[in-house]
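A, B and C are the chain letters, set down in written order, and residue numbers restart from 1 in every chain.
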Amino acid sequence: MTLTPILTRNWGTERSWTLAAYQAQGGYKAAKKAFKMTPEQVMNEVKDSQLRGRGGAGFPTGLKWSFVPKDNPNPRYLVVNADESEPGTCKDIPLLMASPHTLLEGVIISAYAINAHTAFIYIRGEVVHPIRRMQQAVQEAYDAGLLGKKILGSGFDLDVIVHAGAGAYICGEETALLNSLEGRRGQPRLRPPFPAVAGLYASPTVINNVESIASVPSIIEYGKDWFAAMGTEKSKGFTIYSLSGHVKRPGQYEAPLGVTMRQLLELAGGIRDGHQLKFFTPGGSSTPILTADDLDVPLDYEGLAAKGTMLGTKAMQVFDETTSVVRTTLRWVEFYEHESCGKCTPCREGNWWLGQLLAKLEAGKGEEGDVDKLLQVVDTIAGKSFCPLAEGALACVTSAVQHFRDEFEVGYHTPAWEHLPYELSAVFTVPGKEDEQ
Amino acid sequence: MSESMQFAEMVTITVDGVEVSVPKGTLVIRAAEAAGIAIPRFCDHPLLEPVGACRQCLVEITDAGNGRGFPKPQPSCTTEAAQGMVLATGATSAQAAKAQADILELLLINHPLDCPVCDKAGECPLQNQAMANGRASSDFDGAKRQYSKLVAISPTISLDRERCVLCTRCTRFADQIAGDPMIHLVERGPKQQIGVYPDRPYDSYFAGNVVQICPVGALTSNDYRFSARPFDLASTVTTCENCAAGCQLRVDTRRGEVLRRNAGDCPSINEEWSCDRGRFGFRSAMGEDRIRRPMIRKKGQLIEVSWPQALAAAAAGLKKAAGKTGVLTGGRLTLETAYAYSAFARTVLKTNSIDFRARPASEEEAQFLARMVAGQRFDEAISYTALEGAKKVVLIMLEPEEESPAIFLRLRKANRARKLVVETVAPFLSPGAAKIGASLIAVRPSDLPGAIRDLDIDSETIVLAGERLASVPGGFTALAARIEASSAKLAWVPRRAGEVGAVQAGCLPNLLPAGYPLTKTNAKTFKAHWGAKTASEPGLDAAGQLKAAAWGELKALVTAGIEAADFCDPELVNKALTEAFVVSLESRHSDVSEFANVILPVDVLAEVSGSFLNWENRRCAVNQVVSPARAAMSEVRVLAALATALGEDLGFDNSVDAGESFAAIPPWTGDKPKIVPVTPPPAKGSVMIMTGRELMDDSRCLDGAQALRAVERTPIVRMSPATLRAEGLATSTYVRLTGPLGSATFPLQVEPTMVDGVIWVPPRTPGNPLSALGLEADATVMLAAAPEPKKEGEE
Amino acid sequence: MTHEHDFADTGFLDTTDQSTAIDRAALDQLEAIAERYPVKRSALMPMLHFVQAIDKRVSPAGVEAIAKILEITEAQVQGVATFYTMYKRRPAGRHHIGVCTTALCAVMGGDLLLEQVEQTLGIAPGETTEDGMFSLEKVECNAACDFAPVMMVNWEFMDNMTPEKAEQLLDDLAKGRDVTSTRGPVLTSWADNERVLAGIPDGKANDGPSAGEPSLEGVKIATAKGWSGIPKGVRS
């Protein structure tokens, strides 16, 4: 196994975010190549590369593009989902900051493929500097004739609008994002109609994750075969794996799909000294957790599905044995409770209930049977919500109880912070509490 | 054949083992209803766009029509029926039953147990479904959400956020149906709630509907709160008397007292909606001013007398007037009562001086009504349904939101659903017109006939003309000509509930019942019909009667619940009433009863049966809601008694018989009477007034509806930016209007769509009616900048 | 405790404070933001950011101006303003401090940092210091997990925080010393950055590094080992 830096390869170069630096390392060659192809050829190249959406769901990108109806008279839109908010996920934001032109080149090619003349880049609001870099990249591109009218002499017009969000995880859900982009509350919409048919302003719209769109230039430049040669049978290509938590070198590791957690951990220097892996998320907090037993599972769509979990956003949050799983689960549930849009009953009310139950267990005030009750509430919520947000909350609860039921039952008599003192899992020593360690 | 009339493709699905065929595109929840199977729901409402939020209606779909089922339960309110689909509701599927019980449990964890003090208890979908589909107990032992209890979202409605299940029926209604999104979701997640912006109450004309469609007790009516238990109420279906829309209402009474009114379920008219005037404006006859005994004037004083005394006094006065009598029926009578007045005037008083128009009116209008409206029968081609399917609808001097709210809702629905083209011929694009997507054909009064001649209309266009067209000389002449030349469909939409019926009953000097123009021959025909000699000499219209009475040429007037303030010239009304012998058939003391020589107390609408003809000419049943007040009688019976006292026989003495007498007249099939063309006067150089009644103003029909008074819009004067500059008002926020009788100050609003050279001001503003300034539509007005008026109590 | 149940005063924007600094120029700017989009209502969120830049909160004057420009009701503006957590109902501080306490950051020290910041500033999350210098927020995952535990100042990254760094940070900001974001420019103020979020660049895009160390871990290893993703023979 080797790492395959493609999207990340220029992140460390001098002023990598500028047009000059990007062009110096061959940037916008793929766009020029694309304009020599027909839109259909570009779409087919992406389709045949078997690129799957990198935002969590893994839907084939080219196929999504092909759903845009040919005969719809309305304008078409391309929307880039840069609302990166899934706990553990931290790949798109550094890309926007280090190499916004990679994304922009992908936007130009993708918009050309679907014949969209307006594209939006919806970036979560809480990251001002990446937004600055993206805004500047767009301005540089306009100034260089890479955006606007007849870009690169191709006859193709494209406007790009950088749009900042304002704090709502749910806007990562594509129809909620569309509502948000229309100036509405970010609540998911009914499907059908699907965005490809009636999305932004009820017009055909393609919405893709940053990493998916950013992968397009390399596919065009080096070809579908090059891309499809990487990865595993149904999970083609490369991707960015994000490691965080109790590892020695947390960070971004770009590799072909199908690497294992053991391989990634090795590259990251392993668990912090003197500690052992307790559990990790394979793809953000919405994917059921795994343990040391699962280190050799291929980290691709099929390998993780076989283990009852998901590749998600490929965000490995790693926790060592000092970590209270009850505390972690509570925090995740509180995250979903806080980020629930409130539209549907199970998510709005169910997370409220789960949070209360878990808080009781964390405080050691649980009662005999509360763990079963927790699972029962999960069952009450499961399979009934409007969008997948609630299922994400359930995934962490169910898998945590499955792996660490005993620890939850400790909550019948002992607070979690006594069972596993919280200071021990911090990565720094707390002033005044050194003696306790 | 319009699109909606074509036969839809049908699909057959199986619900709980029952096969049912429904049009393609039907939602599963409604397909199940068609099979007689009710699926519990909160957010679903057949007239709102599906949202799938509450998740109460989950069903198990074992076959989606493609041989495959869904592993998870599916919302039946957002899933379309597909050929061959097989599904099971909670009645037969364990999965669906569990899903429904689970959702109910989640809805109830934060719902307060305050049913014993909740208005909704007893008619509460949440309560009912909890009993029918919920579990007996819950495992929830945590803390419930707490909010401060009541939020006044408008003068008429209170919100209890703890009871709310966030189904968003109310916000979707406000946004989609009424176009007034002043209530909206706020916050998110477990804190999500319904709210208004501070100091911006939900003062939509349609706000009360949200109380009715709220599936819990979250939105309650201030007027009705804590006043009854649903199971103590008796309901009567009737027709609203507040305008000519003909909305069906369900009136709830307890022990003979009306406590609330809700919209009926009437797909062909008001669907399931009502305006707030119709909903809350039912207290006007419940006040202290109700007349309970007959009265006669003796030495200037009104004294209570017996019925025989009063009838004798009335008969004596009318006899003395000997044919020099007039009848003013007002616009609020049922068809049967109007018909009784029509017959009474012709056969008992022997006069054709009868007019229902207690408002600005013209002879041209009477001729128009006789030619274009009289004799019309209900026709699907000119109906609410037809409005929805029309190619184009043209509004002429009609603001549906103000004058006929059910038309407004239907036009908005069609404009949203299929971009119905609406054009409005008006001085400016009103907010109401904007909400139905209307485009403006901007006119000053003098432009109106020309604009009508230029209308682009054809046989697939429906033209709705408002009663205000009567203020514009030449308007009706032009309209009749344009309609006849284009074969466009025409409906006349007056404001008052009884006006269409009054036309058909012949309450006009030039018109007999059933569309018969007044001619000597037709008078003879009616002699056969009525069994009494029928007056054949031309009569006077309302204005003519008032003038004649004021000058002593008309000796007696019979009036039916009219108000002096409704006429352009109240001074003239007062003089006429002073000079003439006045017999007033009244239920409440008024500015007319002040002058009456004899007052005969009559039943109010809630006490009688009969019908209204709405603008569609549809017969809308009026049903007796409460028992009549003691000593009062129905107007038909009073007229019959009065006829007897005058030695004549009216031929019927109750509403049913009157209705049968009317129905027995074969409709007029002869030539339509001609309209004597009226040439519009040339445009004046000065600033003119244009005006129109608003839905909520100082109408006496709204007396007693305290909260509604608070919803009245502040009267403002609108004018175009150019007029503003031309009149030297560019820096003013207030304007002083001066007419022959006085001046008054109003807030000034610049209206960019307004035509130049006119101002728009409502006529019946509390304390400042235009008539008090001597101003009326099409009058010249003087404008001047004014300081902000001092409020009462200020120096 | 995180589990509040009493939401009595939620739901409405605070209109008791009617003060505003929105002038003609600000209104022009709001209209210019609306012009950017094919459908002007799309501008609602950047317009709210801009109102915050001017009035330090979602002010009544701002809500009313937006409603007028976009031809929607104030209730609709409020519905959006209360949905997103970045919109503040009461004035935020000159510096808006965020401490991430979602699971991973909390475990790695975020909870302790929050406790420390609360004590140092003497305010709870959702509050602003009396001198208007600081406001505090418990933030949810800020997409910088490989830099955990993370704090944000004015939505600029303050990565790999420790109690010592947090103490220094607050002290420097309080005393008006220059503080540079670990991946961004010298911090100015929350309100200044709200302008950027409204789509008005401040010329600082070139400040700061291209990436933080963790973002480059994979590339570093690949470079050291001679690994590459691109086809052989293609010049990088």
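Note that in this section a contact is a pair of C-beta atoms (placed from the backbone, for glycine too) under 8 Å apart; a residue touches a chain by one contact, two chains touch by 3 or more.
Not measured: the values here are computed from a predicted model.
Chemist: Report the most central chain, judged by the distance from each chain's C-alpha mean to the global C-alpha mean.
Modeler: Going by the distance between chain centres and the overall C-alpha centre, it is B.
Chemist: Of all chain pairs, which one counts the most C-beta contacts?
Modeler: A-C
Chemist: At what distance in angstrom does the C-alpha mean of chain C lie from that of chain A?
Modeler: About 20 Å separates the centre of chain A from that of chain C.
Chemist: Could you tell me the distance, in whole angstrom, between the mean C-alpha positions of chain B and chain C?
Modeler: 52
Chemist: Taking the mean of the CA coordinates per chain, how far is chain A from chain B in Å?
Modeler: A distance of 55 Å separates the two centres.
Chemist: In chain B, which residues are in touch with two or more of the other chains?
Modeler: 143, 145, 185, 187-188, 191
Chemist: In chain A, which residues are in touch with two or more of the other chains?
Modeler: 168, 185, 338-339, 341, 356
Chemist: Considering chain C alone, which of its residues make contact with at least two other chains?
Modeler: Correct list: 3, 79, 83.
Chemist: Taking the touch rule as given, give the residues of chain C at its contact with chain A in the complex, in rising order.
Modeler: That would be residues 1-3, 36-39, 41-46, 48-49, 70, 79-80, 83-87, 98, 101-104, 106-109, 111-112, 139-149, 152, 154-157, 162-164, 181, 183-185, 193, 196-199, 201-202, 204-208, 210-222, 225, 227-231, 234-236 of chain C.
Chemist: Spell out the part of chain B that touches chain A in their complex, as residue ranges.
Modeler: Result: residues 50-56, 58, 71-73, 78, 99, 102-103, 105-107, 109-110, 139-140, 142-143, 145, 165-166, 185, 187-192 of chain B touch chain A.
Chemist: Can you check the complex and tell me which residues of chain B touch chain C?
Modeler: By the definition above, chain B touches chain C via 143-148, 151, 161, 180-188, 191, 193, 195-200.
Chemist: Could you list, by residue number, the parts of chain C that touch chain B in their complex?
Modeler: Answer in residue numbers: 3, 5-13, 15, 60, 63, 72-79, 82-83.
Chemist: For a test of understanding, state which residues of chain A touch chain C in their complex under the given definition.
Modeler: Residues 2-6, 8-9, 11-18, 25-26, 75, 84-90, 92-94, 97-99, 118, 124-129, 131-133, 135-136, 139, 161-169, 180-186, 201, 218, 222, 226, 230, 238, 240, 242-246, 249-255, 267-268, 285, 315, 317, 319, 323-324, 327-329, 331-332, 334-335, 338-339, 341, 355-356, 359, 422-423, 425-428, 430-431 of chain A touch chain C in their complex.
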